[in-house]
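Next up, some structures in structure tokens.
Two complexes follow with chain A in common, the first pairing it with chain B and the second with chain C.
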Partner chain A sequence: MMEKNISITKYQLFFFMIQSQTGLGLLSLPNVVQKTAKGDGWISTLIAGVAVQIMLVIYWQLLKRFPNLIYTEITQKILGRFLGKFLNLFIYLNFIFVGGLATILFIKIINLWLLPITPGWIISILILTACIYLTISDLRMIARFFVLATSLILLLLFTSFLSWFTPKEIQYILPIGSSGFKNILLGTNNSLLAMLGFEGLLFLFPFIIDNKKGVLKTISMANIFIATFYTFFVFLTLISFSSDQLAQMREPILNLLRGITYIMVDRVDLIFLSIWIVPMSTSIIAYLFLASKSMNVDKKNYPKVVLLNGFIIFSITLIPHNDAIITLFNKYVTYLSYAVVFIIPTLLLILSFLFKKHESSESA
Partner chain B sequence: MRIIFIIILCILPILLTGCWDQHLLVNRTLVNGISFDVTEEGKINGSVRALSIQSKGGGQFDIYDELVSAERPTPVGLALDIDSRIAGEIDTSKAFVVIIGEELAKKGIHPFIEIFYRNMNSYMSSKIIISKGKATEILSVEKEKSPIAFVILQLLNGTEADMVIPKETTFTVWKKMLDPGEDMILPYVERVESNKVEVAGVALVNDDQYTGITLSREKSSILMLLMDQLSKKNRMALTMGSEGKGRAISFATRDLRRNLEVLVDKDNKITCKIDVKMNVEVGSYTQDLSKRLNIKKLNKDLSDELTKQAKEITDILLQANCDALGIGRRISSFHPELWKKINWNEEYQNVQFEPNVKVNIIKTGNVF
Partner chain C sequence: MSFFKKKSSLSSTSNDGGQLCEDIEKNIRMLEEHFCHTEDLMKKELQFHNRKCVIIYLDSLVKKELLQASIIEPILEGKMSEIEKTVHAAEIKKTSIISEAGKNLLDRSCVILLEKDPQAYVASVGGIEERAIQEPNNERSIKSSHDGFIESFSSNLQLLRKRLKSPQLKVKYFTIGNFSNTKVGMLYLENLANKELVEEVERRLSSIEIDQLYSTGELEEVIEDHPFSPFPQILATERPDRAVSYITEGKITIIVDGNPRVLVVPITFFAFYQAPDDYNSRWLVGSFFRLIRVFSFIIAISLPAIYIAIVSFHSEVLPIGILYSIRVSLEYVPFPPLAEAIAMQIILELLKEASIRLPSPIAQTIGIVGGLVIGTAVVDAHIVSNMMIVVIGFTAIASFVAPINEMGTSARLLGFPTMLAASLFGFFGIVFVLMLIFMHLSKLDSFGTPYFSPLAPFKKEDVKDSLIRLPLWKLNTRPTDAKPEYANQQGRIRAWKKK
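Take a look at the complex of A and B:
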């Protein structure tokens, strides 16, 4: 399994996790979270970070038992060929649909903010061509690119500091905890969706150099980074906008930057969005990669599979872009994601404990 | 194989030549000022002051400034009407000022500003102002001299620096219109001497409706102090004592510390204590030259006068039902149970204000 151009270091793993998690979700996150949690939205994202950490520990326990297998091979190992393959179909569909959904939302944002008249399919082709090109070059190239692209996330941090000069009102988040525990948890549920992408670990683990120790530390660091990053931005938007105002905004983060103005530079949001295209694409690249990996094909057929999946995602983006259809699609994909990301790995871990299965044991 | 590759390379650029979202500057008409009014029949009148750029060829451009207006029962669609009367594509991405007529502002300004939030191309840092009389009259000042919007913009920037009007833009107004716990004050301009525009003070707004009550320039500077908004180059003039034999003093505030406390007692009576401490520099003071300047006494006189005027201002705020100091926000943050019980729009009337201004003269300029 340890092929030369496919193995990655832990350092690269850290950036891979960050890049596959951040992107589209962040732009609309404050709006989604405040729907239920109101001014306590920032607590929701923190709790979401804790939930992701628990999942990462579960993944770690599972992967330790099968250090040389990826997710879709583990399912077959534990559940047998037939049931395993059946589950793998769902895992594959999840990645394809999430990838498709990400691309649709991406096109929607570009259409809304940057290029209102350009047809969606053109944007779709342009994005997906670049994504397919990178995904074909396999894991190590992707990881290297992700390391580079992370510098753009730092740029967002820098831009957000500029927004401190627009009026802020800390009282919008007071009194802390006023939304009630239930609403905060509902907000957590919504912010978990923006944090999806960490399930990539299930496919990356066998390719990490020296994966016996230290991996949990790396992924925990990545998770802490993401949780802090998200909480910071939710907090920043919460103190910048009143909750009635947030409820009206599709992409609060962009609106936050829209208020910044200088004599020489204006519309920081549009400048920022043009740069943010890269981190948004990295999520699509990650999902395209995971979908292709989940088909369990050998190395020779991998490029063909990536092309095929890229084409499928392109076809998904051709469905009409109206709000109702996208919301519906989003809802079903969310259910699928919960199953694939949270439920199946937990069940697999429990089963592997019960049947005392690990990699060296006989295949069922 | 190689030839096919080259052929593909030659074909691909053909696909790249199209661009849907191109906006050529020569085809655009840049709007730099917008006004909204209500007509006698109850229709909405929208006017724009626009710069149209026309190419003369050879890199030369002719620039015209024009005033175009349209009428409709609702603000929706005004842009379409105006667009059809202007040569070229209308572009509001640099509309620096949005003027709303007095009568219209009393009905609510949100529907007129909402257009700017929804449209991705519009400018979020425009100044929102309320005009005395018709807004079109402000916009049509000096028709020949163009462009008037920049003159108004500079005027506003100047008065902002003098601490007369708050720094409000489309972006900051958005928050205050929707926030029940805070109201805004907007610059109030009028046309004087038939050809000049003047900032007359501030207009008090409740939610998004102009209350019809304004503060003069002198009073609005004191309100700015109470709101803890200090600008670098502020100056204030004040007459102490009764008119006629009162002494006049002008000063610049160098350091401002405001402490706003909202107290709720057992009977849910709301008291708002505003303590303002300011260090000032005397700009001019006509003193009795036979006596030495008694700074202590002057400090006290100034403090008393400002406290008295501050009380007047808070009374006006109550009368206008304009929560410019954001008392409601404090209540909702620190007394959430009370906030849920009361209707703030009515309860605000019962707030007891206790302003207290303390002046400390730190410099007296070149002379003692």
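Take a look at the complex of A and C:
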């Protein structure tokens, strides 16, 4: 398993986490969060960051016991072959569906903002071609590209600073905490979805060079970065638009940038979205990679599996999607994600404690 | 001497393994047969201490004066009793194998055969006219040295040895090509270059089965990792200073006899955007120019595409003032922007191709025709818009900025798919193609080194002398992309400042 040529450094892990977590969620996050949390949405994202951090610690505890196994191998190790494989099916389905959902939302945004008439399946083919092209190569190359793509996120961060010159109203978020604890938590629930992607750690851990120490620090840094990044954007949007305005905006971040005008450039939002295509694609790449990894195939068959999964995701995007279907799809995928990302790893950790199982012990 | 072994049966003649015998007439006959009775194989009979002595050489390859002065005259004088001591040659070899003697004859030597002696004595009397060392035309510099490689192997080696007077500079010879028997040498610093890299280059060079190898370009295609990639993965340079600087980074240079271009492996993308002048300018200036050059790569690929996307899809990106002037220039042009752009790019390539090989007075005419007729008249005739001329002109200049020409051409070539995607899908198409290009760059390897290093994978310590150039006293470690055995390259070089 620990082949030299597919290992990544902790440094690359940091960027891998950032790239798989940022993406589609960000653009619509302020809208989603304010539905329940209103002006306190930024607190929700912060709490979501804390929740992710707790999960990361659980992952860390679990992975420390099985430093050379990936998620789908750990399930088999703890639960036995049959039950493990059964669970792995759900894990696989989760990644495929999340990948499919991400692609559908991607196509929707492109259709809405950049190419209103171009049929969705063409965009789907293009984007999946690019994703498959990268995913089919080994992990090192994916990591290289993700590090490269992170420079774009910094560029976008810079773009967002430009929007400080548009009118701001701090009254929108005051008084702090007015939405009530329950609503803030509901907002957290929504923003957690945008932060998904950190479960990639479960599959990357065996490939990290020198994975005994320092990994928790790296992933915590990545999480802090993401949480701060998201909170910053949500905060920025919340003080720019009132709740009523936000409720009518599908992608408030883009609307925020739409207000900026320069002598040379009029629609900063279009340029922002064009560049944002790359972080959105890296999320899809991450899910395609995770789905392919979760099938536990050997190295020779891996490219075939990536092609197959790419085709499955493409087929998912072909399903006619209006808003109602997407919402429904989103709801079920969310349930599945909660199970795969939060519940199963926690259960596995508890079980491995109870049965005192770790990697060196005999498999059941 | 593993590289002398025959790699295929393509060129083996009947008496390959033939041995010389004591009968001198038979020996001569065998050599003549080995050379298929070619008529420029000359024989000169002499007497050496009352023994018959025959000097055989290829008329076309030896210097007659040298042959006369250092071989024939001493033999006639016959001061010493042994032939090795008589002949004035720096090196005299003995062989008893026909093919070996034949090889030496082709390598500008003469063969001396003696009566009742089964050995052939080989002495070098070669002399081939060489071009003088001059500044390479395609890699000119303002502030760096002005000598360049030429077509002779030994001169090229000399140019490198002159700069690196170190016993660690090691040369390994290969003979490639069953007919051409081209001499190929790989040079590296013994204790610095990575052992695995040296082995890998050796393995690739010694496994080539080919009949003729003329140029470095051919060798490049034979040993590169990804033949289908649009990017050059081996750097070919005519500048000795450039080649030497790579050798000191632990890289390997390959010299092909008869070629003024020397190959450097492994290489990274950013090496193609470095120039020796960067080190002779102030570091701020050098860094600035490096950034400008990398920027030119992006411009060369995407500028026409961005223009096409804005004009045909996203005109709302531009404020009304600029949009108005673009629209006015497009008003009477009947073609879609893609057709305009591709036509102009092709015209540009044609102009360039036409002027390359013409003698310079005629090439000037091409410049006038290109500048006036194509530039102005095409706009006046409303075939191409003014704005498109500006865009294409800017793109062309950007692509010519690359210090190594191949990279600029690759960038210009990649501009075409980008333009096509832009005309089909607007900004999305551009980002799609650029994303594919950068994914490809992250996937490329050159002799086991990531091609897009130090950006992918990101290496902080290598950025200081690739994307930018920090002052010399900051460059304490050499670039690590060739995985040198040790990284340190200097101590405190501004030690005088310490009191």
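In the analysis below, the second predicted complex is superposed on the first by the 364 of 364 C-alpha atoms of A that agree within 3 Å, B and C clash if a C-alpha of one lies under 4 Å from a C-alpha of the other, contacts with A are read in each partner's own complex, and residues count from 1 in each chain.
Heads up, the rule we're going with is that contacts are C-beta pairs under 8 Å (C-beta built on N, C-alpha and C of every residue); 3 or more make two chains touch, one makes a residue touch a chain.
Since the structure is predicted, the reported quantities are computational estimates derived from the model, not experimental observations.
Visitor: Please indicate which partner A:G214 is in contact with in the superposed arrangement: first for chain B, second for chain C, both, or neither.
Guide: A:G214 sits against neither chain B nor chain C.
Visitor: Just checking: does A:T261 make contact with chain B only, chain C only, both, or neither of them? Give me first, second, both or neither.
Guide: Both partners.
Visitor: According to the contact criterion defined above, which of chain B and chain C contacts more residues of chain A?
Guide: Larger number of chain A residues touched: C.
Visitor: Quick check for you: in the superposed arrangement, does A:Y133 touch first (chain B), second (chain C), both or neither?
Guide: After superposition on chain A, A:Y133 lies in contact with chain C alone.
Visitor: If you stack the two complexes on chain A, which partner ends up touching A:T118: first (chain B), second (chain C), both, or neither?
Guide: Once the two structures are laid over each other on A, A:T118 reaches both partners.
Visitor: For A:G80, is the partner it touches chain B (first), chain C (second), both, or none of the two (neither)?
Guide: Neither partner.
Visitor: Applying the touch criterion given at the start, work out whether A:A143 contacts chain B, chain C, both or neither, answering first, second, both or neither.
Guide: After superposition on chain A, A:A143 lies in contact with chain C alone.
Visitor: With both complexes superposed on chain A, which partner does A:G180 reach: first (chain B), second (chain C), both or neither?
Guide: neither
Visitor: Considering only touches as defined above, state whether A:I271 meets chain B (first), chain C (second), both or neither.
Guide: The answer is second: A:I271 touches chain C but not chain B.
Visitor: Which chain A residues come up in both lists, the one for chain B and the one for chain C?
Guide: After superposing on chain A, chain A residues 114-115, 118, 122, 261, 266-267 contact both chain B and chain C.
Visitor: Show which residues of chain B lie in contact with chain A when the two form their complex.
Guide: For chain B paired with chain A, touching residues are 20-21, 93, 117, 120, 123-125, 169, 171-172, 174-175, 178-179, 326, 329-330, 332-334, 336.
Visitor: If you look only at chain A, which of its residues touch chain C in the complex?
Guide: 9, 11-12, 110, 114-115, 118, 122-123, 126-127, 130, 133-134, 137, 140-141, 143-145, 147-148, 261-267, 270-271, 273-275, 277-278, 281
Visitor: State the interface residues of chain C toward chain A in the complex, per the touch definition above.
Guide: 313-314, 316-322, 425-432, 435-436, 438-440, 442-443, 450, 452, 455-458
Visitor: Spell out the part of chain A that touches chain B in their complex, as residue ranges.
Guide: Within the complex, chain A touches chain B at residues 112-119, 122, 166-167, 169, 171, 174-175, 178, 240-242, 244-245, 248, 258-259, 261, 266-267.
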